[in-house]
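A single structure is presented below for examination.
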């Protein structure tokens, strides 16, 4: 699965984009976050304030309880500050 | 006193502007309207729908019960439709 | 610093983009610019032109009074009001209001307020000239416009 | 006829006046045009630039979704949304929204709605670069922006 990070989430993880293998027991967005936190200290630090992080699956905003389904890309970022 | 008319009030009176002598017993805007109605049939026709006519004294919107004071110009017109 | 509104009543067309630029030129305190342009509309294809009559002197004075009310009410950095008079064919501009502020809410509300009060208080009257050559008729004031203006009382 | 919004995400500046003209050119059904321009503000003189990061693809898609919501909700004749990304110095444009309609209330409300939802839903993030050279910091989302967006629910 393709994973993208933006703004301070990107800076903390240290990469813009990565491709990961999703283990079979990872069903929801929340499961995916738990899995990403296990990948490295940087990932764990990036997701420390988990409530402050928004998620998009295939470029659509979703909540953490949503199933990954057959989404090809997940993106993690802070609340938006455009406009 | 200088009297000005706009839009359909102007068309009904038949003049844009006229100077009139204000009799001593004409104290308020309502008195002035009553006086103007006495001047000609056109004036009477113009002020027939008296509720539909707005008034400005020296270029300020006023209500009919307002005293003429030492205003130099009164203007009569329908509700505004600018914008 | 008190903001002085720019108010113009003119026969000529205006350039909304250029007027907006005047409010931001060499400034770094403007975060939001809300522009309203009112145009002569004719969906039915029956209108040859709107003719706008105005009360010279009072038109400028009343627009300035309304503009100053907006400046008292919202923290604006600038305010421009331009209203045309004379014959205006369908598709052309009639009126322009631009409100500039640090914040978007103030700019939106001030422009909206200006238009509502301008419609009910600025001494302009529209007459419709028809393509058919039938007798021209005065546009009647809409009670909805008074309702719109009333939204700003006690809010 | 369904209105298709014009949505652009770009590094270059935009010309708000020209974009507005595109929405009225050769038309007689537009009575009201409301434009919002958001600019980079720096009253304190401490900011060298805002850097706008965005999620390419999703930015355009989300702006288009918000624009189509506005088109479903108000009787618009046209809608334009332009959002810049990259480094934007104080005084420069960041975002443009233009709503065109037969009537002014629809144009005002649609532009206002667009800005509220764009702020909370479009994937853009601002970083402040300071004149002093101190470490750049990410702008924090304001809870007021969520409140603004919530105004449009059940109204």
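Every chain is named by a letter (A, B, C and D) in the order it is written, and numbering of its residues begins at 1.
Here is the rule we go by: a contact is a pair of C-beta atoms (placed from the backbone, for glycine too) under 8 Å apart; a residue touches a chain by one contact, two chains touch by 3 or more.
The structure presented is a predicted model; accordingly, all values stated were derived computationally and were not measured.
Peer 1: Chains still linked by touching once subunit D is gone?
Peer 2: A | B, C
Peer 1: With chain centres defined as C-alpha means, what is the inter-centre distance between subunit A and subunit C in Å?
Peer 2: 48
Peer 1: When the C-alpha atoms of subunit A and subunit D are each averaged to a single point, how far apart are the two points in Å?
Peer 2: So the centroids are 26 Å from each other.
Peer 1: Could you tell me which residues belong to subunit A and also touch two or more other chains?
Peer 2: Not one residue of subunit A touches more than one other chain, so the list is empty.
Peer 1: Can you list the subunit C residues in contact with two or more other chains?
Peer 2: Expected reply: 38, 115.
Peer 1: Touching pairs of chains, all of them, please.
Peer 2: Listed in label order, the chain pairs in contact are A-D, B-C, C-D.
Peer 1: Which residues of subunit D touch subunit A in their complex?
Peer 2: Touching subunit A from subunit D are residues 38, 52-55, 57-58, 61-62, 83, 94-95, 115, 118-127, 138-141.
Peer 1: Sort out for me which residues of subunit D touch subunit C in the complex.
Peer 2: Of all residues in subunit D, those touching subunit C are 15-18, 20-21, 24, 26-43, 45, 90-91, 102, 104-105, 107-108, 111-112, 115, 148.
Peer 1: Using the touch definition from the top, list the residues of subunit B that touch subunit C in their complex.
Peer 2: Counting only subunit B, the residues touching subunit C are 4, 6-8, 56, 59, 61, 75, 77-83.
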